[in-house]
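Paired with chain B in one complex and with chain C in the other, chain A is shared by the two complexes that follow.
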Partner chain A sequence: MDKLLTGLKVIAGVVGVVFWAASQFWGILLVLLALGIHMVQNFSRMDREDAVKKLKDLGMSAFYPAVGILAAIVLGGLIMALTGYDPINAYKAMFYGGLVKNWHISLLNATPLIFTGLSIAVAFKAGLFNIGAEGQYYVGSMIATWLAIRFSLPLGLYILAIFILAGLAAAAYNIIPTWLKIRTGAHEVVTTMMFAHIATKYSTIFVRNNGGDPAVSKHAYVTDAIQEANELLPLKTIIPGANYRVHMGVLLALVTAIVIWYLLYKTKIGFEIRAVGANKTAARTQGINSGRAIMTAMLIAGFLCGISGTTQVLGLEHKMYENLNAGYGWNGISVALLAGNDPIGVIFAALLWGILDAGGQYMARTTQTPSAVVEIIKGIILFLILAKYLYFWFGHKLFKGRKKAAAGEAA
Partner chain B sequence: MTESDAIVLETRNISKRFPRVLANNNINITLRKGEIISLLGENGAGKSTLMNVLYGLYRPTTGTILLNGEEVEFSSPRDAINRGMGMVHQHFMLVDPLTVTENIILGMEPGRRGVIDYKAARKEVKDLSDRYRLEIDPDSLVEDLPVGLQQRVEILKALYRKARILILDEPTAVLTPGEVEDLFKVIHRLRDSGVSVIIITHKLEEVRAISDRVYILRRGEIAGERRTSDCTKTDLANLMVGRDVVLTVSKDKHEAADKASFEIKNLNVINDRHVRVINDLSLSVRPGEIVGIAGVDGNGQTELAEAIMGQMVQESGEILFKGNPVQNLSTRARRDLGISYVPTDRQKAGLVLPFTIAENVILGSQDEAPFSKGLALQRKPIAEYSRKLVKDYDVRCASIDEEVSNLSGGNQQKVILAREFSREPDFLLVSQPTRGLDVGAIEYIHSQILKMREKNSAILLISLELEEIFSLADRILVLFEGKIVKEFDPSETNDKEVGLYMTGGN
Partner chain C sequence: MEFVIELLSATMRLATPIALAAMGAAVCERSGIVNIAMEGLMLIGAFFAAAVALATGSPWLGLLGGVIFGGLFSLLHAWSTVTLHINHTVSGAIINILAAGLTRFFMVEFYGHPGSSDMVQKTLGDLNCAVPLLSKIPLLGPVLFDQSPTVYFMYFFVLFTSFLLNRTKLGLHIRAAGEHPMALETLGISVKKIRYIGVLYSGLLCGFAGSFLAIEYGRFFTEGMTGGRGFIALAANVSGGWTAVGSFVAAIFFGFIDALQLKLQVMGIFKIPPEFFHMLPYAATVIAVAGLVRRSRPPADSGNDFSIEKEM
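Let's look at the complex of A and B:
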């Protein structure tokens, strides 16, 4: 019975997600069904008290993001109203654009962010701040572009090879900063950041050397297109109704998030990474090789950024642009923070960011509200979530006030 | 002091409720002018809560505080200080790189228009120090002072703020036996000049040595009040724990093997500040024997432990385990050979606090069967093993999936003991196993260590508590400045003699 339910859950989840991604909105019903089954399964194993506690924990972990997002939307509305825009109309346009009209763009925005968000999250779990994700993203993009322009093999085997090679190259890009961290304690924020600058700046040279030379090419600042055989299949090859731009990379991102969750919480590698991240001294005292755990985490982090860039090149852009700086690496930091470094949370945080971006563009086009409003909202969301001590302080004040009143009555 | 002396501080039915616990329930205490009282209780009995209420850090849920007969309400420590309360915390609140004078005047600097009058300040500090014979040089840097003097700087700080009531939180926790005696002298001088003193402690010996009266707290309530002159140590212990306790675990005779299984030969360790912290140290431990290392904190205990576990680079020397050199092996390899370690700082080095009990129990064995197969951790064997250990070692918890950060200190230590002892090590390094724990937990942990001796583990016990060394060790080695300066048979010596060697005298 339990196995049957698990099977049903997985099928409903997968089918639901795929169809949802293809703008078939009833897919979300299947996803909800899968979540429902999952909850029932989990809670039937626990006794009442534990179940209540677990629900409470879940509620609490959803509480801060929910409050942050709501408050940010209200504040964003206020700002719009004060600067002479109509917040109601603007928000209507934003949500319609992000969730319905341009849902596919939201998904496409979210895809690379899921990978980079996961990258930051894994590094965080090991106690490191991989602030140079942007650089690893560029390394992955460049290697993928270079390989995909030049060679191809049938049966998609080569695509797999590109993913692996670009991921490994980006992982290798983290070796020196991480080695310095382990050996000398050089702070990874500084070193990976510098490495990020090297990679992003070098990418302009790379673009020129691969077909984007303004002196000779008519497509200046863009590399040659990759070979068609190396493009990721669009989602509409399996779901006819899907938007033609949405590609398999979306599904890959979701699967990757689940893999990373499994790796962190269900394997000994993840256990060691988390132990070192949470308390390096205790982990070392127990004989865990902290350097190895940190290196593993940073290699995984680099790999994730590398395949983020690869997905973007093979799936969406099919070439590499010099000045299209989408900042997926930097934004991955916000996504990971928003998700509290939880791999599954990263999916939702990346989606939120994707929706806000896509919706913001739609809003700007249709209501002439500047899309900068979206950036303001994002900033407020992050601030409110990171400043959760504020809530404690506020709650404490509220609590104290109430208690004082009660004491007064008693007296 | 007589009964007729004025009552300076009185609490009436103080209760303090936190969201989940009633930390103080109807506490009534009185303190007279020039009196020393102790508040005795186990960890979690509510001593600190009560002190924080008196010092203005917490507001009582109900009840009132009377100062010199007048009802007061403190909304912050500043209020309390202004009314003549002073507090010396267990962890000193001093700024190390500043001088004594600077530290003392911090927050109430004398002077005008933002210019500090250092000369006046220095003079006042000097006068105060002379009056109470604290022997503090107002110009020395706090970081250069030994712990005992740093504590006096804290006392001086309170006196400078005109404290008439002084609260000392676990004042002897960090002191050597000699420093404790000096502290007691200082406290007596304070009393003679009319200052009233409240000492918070869980050490029975101290209560009897210093205070006139004692209040015993248990589970947030006053379990009793005694004159120290007419009660025994056992009375106090029983009141504190609420049942009859064994103060010193009974130690059966146990024959140790003839041949040592663990040896250190001419060990030298230099720390990263290029100071030689372990100096030509040699020792040996036989199976079934507990060797106690006595010493004042900071004489190489940490470094010795880290060198044994392979976490500190050693300069020279040999560590032999069952006859084989292990000094070049990794921590992991040493553990695999059968060396276990209970570190001093259970929260920093012993446990990963955000991890669950189950995760902490397998920490270090996460990649061994049956806890993992291939890459994947095996949920069931881990859960079964953790449940067994939790039961065997009497860890009080809601479930094995509870984060260890939620456990009390004693239960956290039990988790560590469970992990280390259940590996059935042939050599066991135990460092300050009962630091900060209450009588009940100490009793349990000592009996577990003795059980390991019966199982013929070779045990090296590092402790700052002489009492602990005397009640457990079969041999005592005194560590001073990174060297073993003396070996004792515990039955042929006493704490005075050992204490002398601990401080470098002989």
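Let's look at the complex of A and C:
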């Protein structure tokens, strides 16, 4: 029986992920089924008391995100109603657009966010705030574009090389800020932010020098297209029926999240990173070289942003735009915070963000509600999920109010 | 000589938003709250300064609007860090995201399109006035005293912040809240209240700095127009050793680099793309923070959450 369930779980999980990535929204139902079976299996092995306790913990950990998202939707609706839009229609369009009509766009939006979210999560685990992820994303995109325009090799070997080189370059971009952090204590929030601005400024020069010169190019502010051999295969080559724009990067992102989870929780260096992030002094007394752990975490963080940019260039855009303001680096911060820096959670947080973005665009097109509403909803979701103390605070206020009223009545 | 005066005069002007925000940072950080939300606060200030100035036609009311909305928005940071005990950096990041979203939403609401707002007809920059007598001093006169009113406000706030922190009772409480909050609480003074005041002060000054960008330095609000100045102000405060005067000196340094890159661009001595000049202030910030941070000591309890229940 147990073996049968395990088999069912694996099949449902794999098939679910494949269909889900192939822009079939209902694939996620199979994934959820697999998770459900996994939980049932786990619970059946526990005795009653443990199971109840575990269930309570799970309920609590699901409570804050659920309440946060619901409350943000209500508040967002209120803002829309107050500014003269129809919230019901807007939300209908948003969810229809994000989940059904343009599900493939949600997936495409989520893909780079998974990488950048992981990047920021890894840095957070080491106690650092990689706020300049956007800069590393640009560095990765630039190196990937430069390499992919110029050369190509058969058998996809070169694509692998592009991924590695772009990732390494983006990782190298983090060396100076991290070294300064370790040696002088210069705060990484300031230094990586400045490096991000430098990289985005440089990207304009880069785009102009690679085909985007308005004086000679027909398409101003866009680089030349990369060579066709360097484009990532679309997903429909292995899964028929996938949307033609969805590419292999989606699967790569999912695999990367699992790899990062393994790295953080099952390897020595992952343990060191988490130990330094949790308590530097305690880690040092255990003989952990905190500088090395911080450097490793930031290099991994940079590498992830680099491959985020590479996936986007090779998989979706096939060229690089000037001032594209994609903001995958900035949004990665929200994704990591939302996921509580959990690598697997990052996948779902990135998907939520991707759905909101895709749905927001569809909503703006069909109902003329400004898509910036989505930005506000995102901010409120973040705030409500992170401010766990908010619920105690409200409870306390309510409770105190009642107590006072009761005291008044007694008097 | 002409060139030097022009360069230094531009330095003072470009240092103004950074110095104003850095004064806010000095008070906020000394009260124990890390404020990376300044970028967002400046953005909100800039947006509402332009909006009010456009609606009323008065740059002074615009300035007031920017300051008030910057202050109001900063209360969100105070509430989330002090009352709700969220990590200061995390709260700041959320507020920056919210500020970008809100300004974009209101852009579409007010002007019907994202991007830039309509042009403000009369700005604070048009109210340039030389101080009589003082502006006649050779070199220093035209540099320091032939400016727009906001620059004079900036001088005032540098002196005021320094006085507030070092010579008043409230300043003592602010410093205590950042160094040893329990000691302050023992005296019967609410650490929470003091920290709220610290954040609010930074919010008001960031609103001022934002107003400068929208209706003095420029004539309209553009999305993301702060361009990292909130973080540069934070860097100015760190390089200036968390003091008002130190932050001011650092802000002038950043203003000088900014003025220099503008002048170099115009002169065209170096035949390189203008973006390289735009990078200069950011690179200078990294160097300043890295070079100076070791000599200064942050407030002992800066960035730490304070709740009286936990201390006991």
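Simple rule for what comes next: the second predicted complex is superposed on the first by the 375 of 411 C-alpha atoms of A that agree within 3 Å, B and C clash if a C-alpha of one lies under 4 Å from a C-alpha of the other, contacts with A are read in each partner's own complex, and residues count from 1 in each chain.
Operating definition for what follows: a contact is a pair of C-beta atoms (placed from the backbone, for glycine too) under 8 Å apart; a residue touches a chain by one contact, two chains touch by 3 or more.
Since the model is a prediction, treat every value here as computed from it, not as a measurement.
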item: Chain A residues touched - chain C or chain B, whichever exceeds; value: C
item: Which superposed partner A:E375 touches (first chain B, second chain C, both, neither); value: second
item: First (chain B), second (chain C), both or neither touched by A:N42; value: neither
item: Contacts of A:T281 with chain B and chain C, given as first, second, both or neither; value: first
item: Which superposed partner A:F383 touches (first chain B, second chain C, both, neither); value: second
item: Partner chain(s) touched by A:N289 [first = chain B, second = chain C, both, neither]; value: first
item: Chain C partner contacts - residues on chain A that touch it in the complex; value: 79, 83, 129, 131, 176-177, 180, 184-187, 189-191, 193-195, 197-198, 201-202, 204-205, 208, 330, 333-334, 337, 370, 372-376, 378-380, 382-383, 386-387, 389-390, 393
item: List of chain C residues in touch with chain A within their complex; value: 36, 80, 83-86, 89-91, 93-94, 97-98, 100-102, 104-105, 107-109, 114, 227-228, 231-232, 234-235, 238, 273, 275-276, 278-279, 282-283, 285-286, 289-291, 293-294
item: Chain A contact footprint on chain B (complex, rising order); value: 61-62, 309, 311, 330-336, 341, 343, 348-355, 359, 363-364, 366-367, 371-372, 375-377, 399
item: Contacting residues of chain A [partner chain B, same complex]; value: 50, 266-269, 271-272, 274-275, 278-279, 281-289, 403, 407, 410
